[in-house]
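Shared between the two complexes below is chain A, which has chain B as its partner in the first and chain C in the second.
Our next item is the complex of A and B:
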């Protein structure tokens, strides 16, 4: 029963949501919105589990002085400080609470956002290093990739003079014909794969999400 | 006496002259040349209104034919305004702005009582269309059309193609599953990325280092994440058998909960429930780049022998994979996010492209049920190719109905 009940629920609600997709009536939209609300409620409970997990893992690192345990202190301090600022009305009734709290906003704007921007900006350097590895002409295919990349990169280069319009036309052709054809092939495959996986889940063939493959 | 008569006559003359002048100026003000020269346009013709099809109700489609003076004849009609009333006698209220260059309008109101502009279903409505000129005081109203009611539909005809394709695919899946159950041999091509998983786990065991498994940024409802659970289950079982370490940092708390259960069961299946530690699957954060920072930190501190990235990835894909290269790990990736596939291809040793991620579970399990669905997928792809070729030929021959049938609305 422990396994049969979840499978039955997935089957019933899976097919219900498939049928809902084909019914535009307001009642059908209400059902959809109702289940979406459930997802949000479950998400809130799961978030509590997530916070517990992060706290436990970090606390264990500090407690048992595992390698680099000092970082765990920063994690815990950040986590609980932000929660504290969110509930600051316990002490300052006049201060806006939640995400409008003064300290919460300051920490978010001056610590979280700059750190996230820094992480994102690393992408530029990683693109360069990845491109260096990818564009080494070790084989015929790699050489073709190198040539295609050069054409795409040089298409906006004004130093090419009269060659620039030709390069631009060629790069547009590369993007719109072979590149788009390959992309569409992958998209069709992904679409069918998604439908197949969804059907496998609904029919109870795919059960890994239940903790059993 | 004569003087008095002259003064009176002069005053009378001036009075008459003043009145005449005033009359003239009044006429000038009341009817300047521009207005006098603006004749009334002909109204819009053939007004019609009906419930908007394939929708949730609370909307009515209004159509009309152009006024004869719209673009032709007087050429003074610049647009139309749609009016609606609950009674044929009015009062009519404007439901649209000035509509330019169109002869149709969908009058949609709010769905719920209490909302602004609520438009109840099953109520009589009457419509009128006003043909407007440059001068807002010069217009022509059409005949009134009504009554018409709005109501919601119980089937969206615009999705018939989807319904047929899903039904066809379901039939194919069931057919091949039953065929596979009957003992038929189903060929599945080699997936290098999946075959490398065992080798990668062996390498980690030899090196005495853990395996890092990243489920991506998808939610538990994403198909890519569901496919990733299957691969995680297989990897965790091997890891349990080889007694290697496993680290699964999660972006989503629901994904973490499901992943914990998947890994726990895999350890149980491997006969090593004692080796399972719930903390090997843990939540990091649901902020994209904070998560990247956390996972990169694990890579650089723990130096895992193998990194597996399976699921939904966005801009963080290359940052993760390049850090893995720096850490010297073997890397296997799989995603259905088409824009991230090139990044994984250049930075990882093996990559499962698009649908290969979904096929991995069938490939790993070799179970008839899963192989059957995989075979159905292949036949469906062949069907899509055939439909694309037929569509191409029909368009070349000028028949649009075939392609239009697959145009999904709503």
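Our next item is the complex of A and C:
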């Protein structure tokens, strides 16, 4: 029963949602909206699990003085301080009024934004270094990739003078013909794969999500 | 080690240093770069330009601070254009740190719109932007695919209240606004797979006219949807934002950042060419031996 009940639920609700999609009726829409609510409610539990997991991993790191345990203190402090300020010093639980809390806004604007922007900006340096080492004309395909990359980078470069419109036209062709064809093939392939996987789950052929027990 | 070997095995710290110098110098050196307008960006602007006073659009700010350099300028330029033209905006976010982004946009644009300004030869008198009248901010809910589908049925399903806790039915611009049917278009500023969810569930299920502003690396992935008509416009990366700013006649950070990006690209091309010259020369030398 431990395995049969989930399989049954997946089968019933999976097919119910497929059938619902093809019935353009108010009752069908109501069913859809009802399950949307349920999905979001269930999904929120993942958040609680995430907070618990992060807290436990970080706490264990500090407790057993594992490598770089000092950073775990910063993680825990950041997590609980943001929750504390986010709930406006635990005065507001039911409204998002805490998002206007002075400290919450300051933490967001002066810590979260600079940290995330900086981390992402550093990518430019690694991409430059990776491009220098990886873009080598070792074979025909590698040469084509190299040429495509150069054309895309140079497509709107005003320093090219009269060559710029040619480069622009070439880049448009690259994006609209070879890129489009390859991407469409991938999208259709992935789509068919998703349908096949979904059917396998609904029909109980794929059971990995149930775990080993 | 001869010169060609050196050309293909330069220490990456030199690459980092050169790029840092180029970025700092071009940042400090004030000059403008000509911006060429592409058709896919022009179509976004044209659609916004055709909006009339009282029209409503949905603006989805689906990015975190890590993508703000590329996407914030587009959000700023288009939101200001709408507010100047008295077009109403429903803001939403499907990115967990996107709430702060929307909040920042609303505060800054409200300040900007309070002053008189002239864009593309049209004079706009400064006015106050009122929450609930000129815009509504729905806030954030997790699980984007579900939220998009639920909003397609009724905004009240995923968002019974707005971000500030006000019940949607009591907000003036939400009276008579049920779902995307009342919106002239949806524009999604995205830095992740949310863009594809908007195409699948927003356009696919409900047929919303959809435009995308995405990060540079996502640009090429979105072209198939442009060709198939699933999106009517596409602005990719800093270049896309700069084009939007130019079309809106509202120069900002994107147009400013283009000169840095331009010279950074030239430097990267220089390194790629240098590495390949070294590589080909070494290969020829080895073949001759």
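Following the convention adopted for this analysis, the second predicted complex is superposed on the first by the 195 of 213 C-alpha atoms of A that agree within 3 Å, B and C clash if a C-alpha of one lies under 4 Å from a C-alpha of the other, contacts with A are read in each partner's own complex, and residues count from 1 in each chain.
To be clear about the criterion, contacts are C-beta pairs under 8 Å (C-beta built on N, C-alpha and C of every residue); 3 or more make two chains touch, one makes a residue touch a chain.
Owing to the predicted nature of the structure, the values given are computational and were not obtained by experimental measurement.
S.K.: Between chain B and chain C, whom does A:124 touch in the aligned arrangement: first, second, both, or neither?
M.R.: second
S.K.: Pick one for A:136: touches chain B only (first), chain C only (second), both, or neither.
M.R.: Touch partner of A:136: chain C, not chain B.
S.K.: Looking at the overlay, what does A:108 touch: chain B (first), chain C (second), both, or neither?
M.R.: second
S.K.: Output check: A:8 vs chain B and chain C. Expected answer is one of first, second, both, neither. What do you get?
M.R.: neither
S.K.: Would you sort A:47 into first (chain B), second (chain C), both or neither based on which partner it touches?
M.R.: Both chain B and chain C are touched by A:47.
S.K.: Once the structures are superposed on A, label A:37 by its partner contacts, choosing first (chain B), second (chain C), both or neither.
M.R.: In the superposition, A:37 contacts chain C only.
S.K.: For A:29, using the defined touch cut-off, is the partner it touches chain B, chain C, both, or neither? Pick first, second, both or neither.
M.R.: After superposition on chain A, A:29 lies in contact with both partners, chain B and chain C.
S.K.: Just to be sure I read the superposition right, which of the two partners does A:16 touch: chain B = first, chain C = second, or both, or neither?
M.R.: Neither: A:16 stays clear of chain B and chain C.
S.K.: Look at A:189 in the shared chain and tell me whether it touches chain B only, chain C only, both, or neither; answer first, second, both or neither.
M.R.: first
S.K.: Shared contact residues on chain A, chain B side and chain C side combined as an intersection?
M.R.: 29, 39, 43, 47, 112, 115-117, 119-120, 127, 129, 131, 133, 183, 187
S.K.: Where on chain B does chain A make contact in their complex?
M.R.: 54-58, 111, 152-156, 159, 162-163, 166, 169-170, 173, 177, 220-221, 223, 226-227, 229-230, 232-234, 237, 250, 252-254, 256-258, 261-262, 264-266, 269, 279, 282-290, 292-293, 297, 301, 315, 318-319, 321-322, 325, 336, 338, 341, 343, 345-347, 353-355, 357-359, 361, 364-365, 369-370, 373-374, 376-377, 380-381, 384, 410
S.K.: Could you pull out which chain C residues touch chain A in their complex?
M.R.: These residues of chain C touch chain A: 8, 10, 12, 15-16, 19-20, 23, 33-36, 38, 64-69, 97, 99-100, 103-104, 139, 141-143, 146-147, 149-150, 153-154, 157-158, 161, 163-165, 220-221, 223-224, 227, 239, 262, 264-269, 271-272, 274-276, 279-280.
S.K.: Which stretch or stretches of chain A touch chain B in the complex?
M.R.: 18, 21-29, 39, 42-43, 46-51, 53-54, 56-57, 60, 67-68, 71, 112, 115-117, 119-120, 122-123, 126-127, 129-131, 133-134, 183, 186-190, 192-201, 203, 205-206, 208-213
S.K.: Mind listing the chain A positions that touch chain C in their complex?
M.R.: So the residues of chain A touching chain C come out as 29, 32-33, 36-37, 39-40, 43-44, 47, 95-97, 99, 105, 108-109, 112-113, 115-117, 119-121, 124-125, 127-129, 131-133, 135-138, 146, 149-150, 152-154, 156-159, 164, 168, 172, 175-176, 179-180, 183-184, 187.
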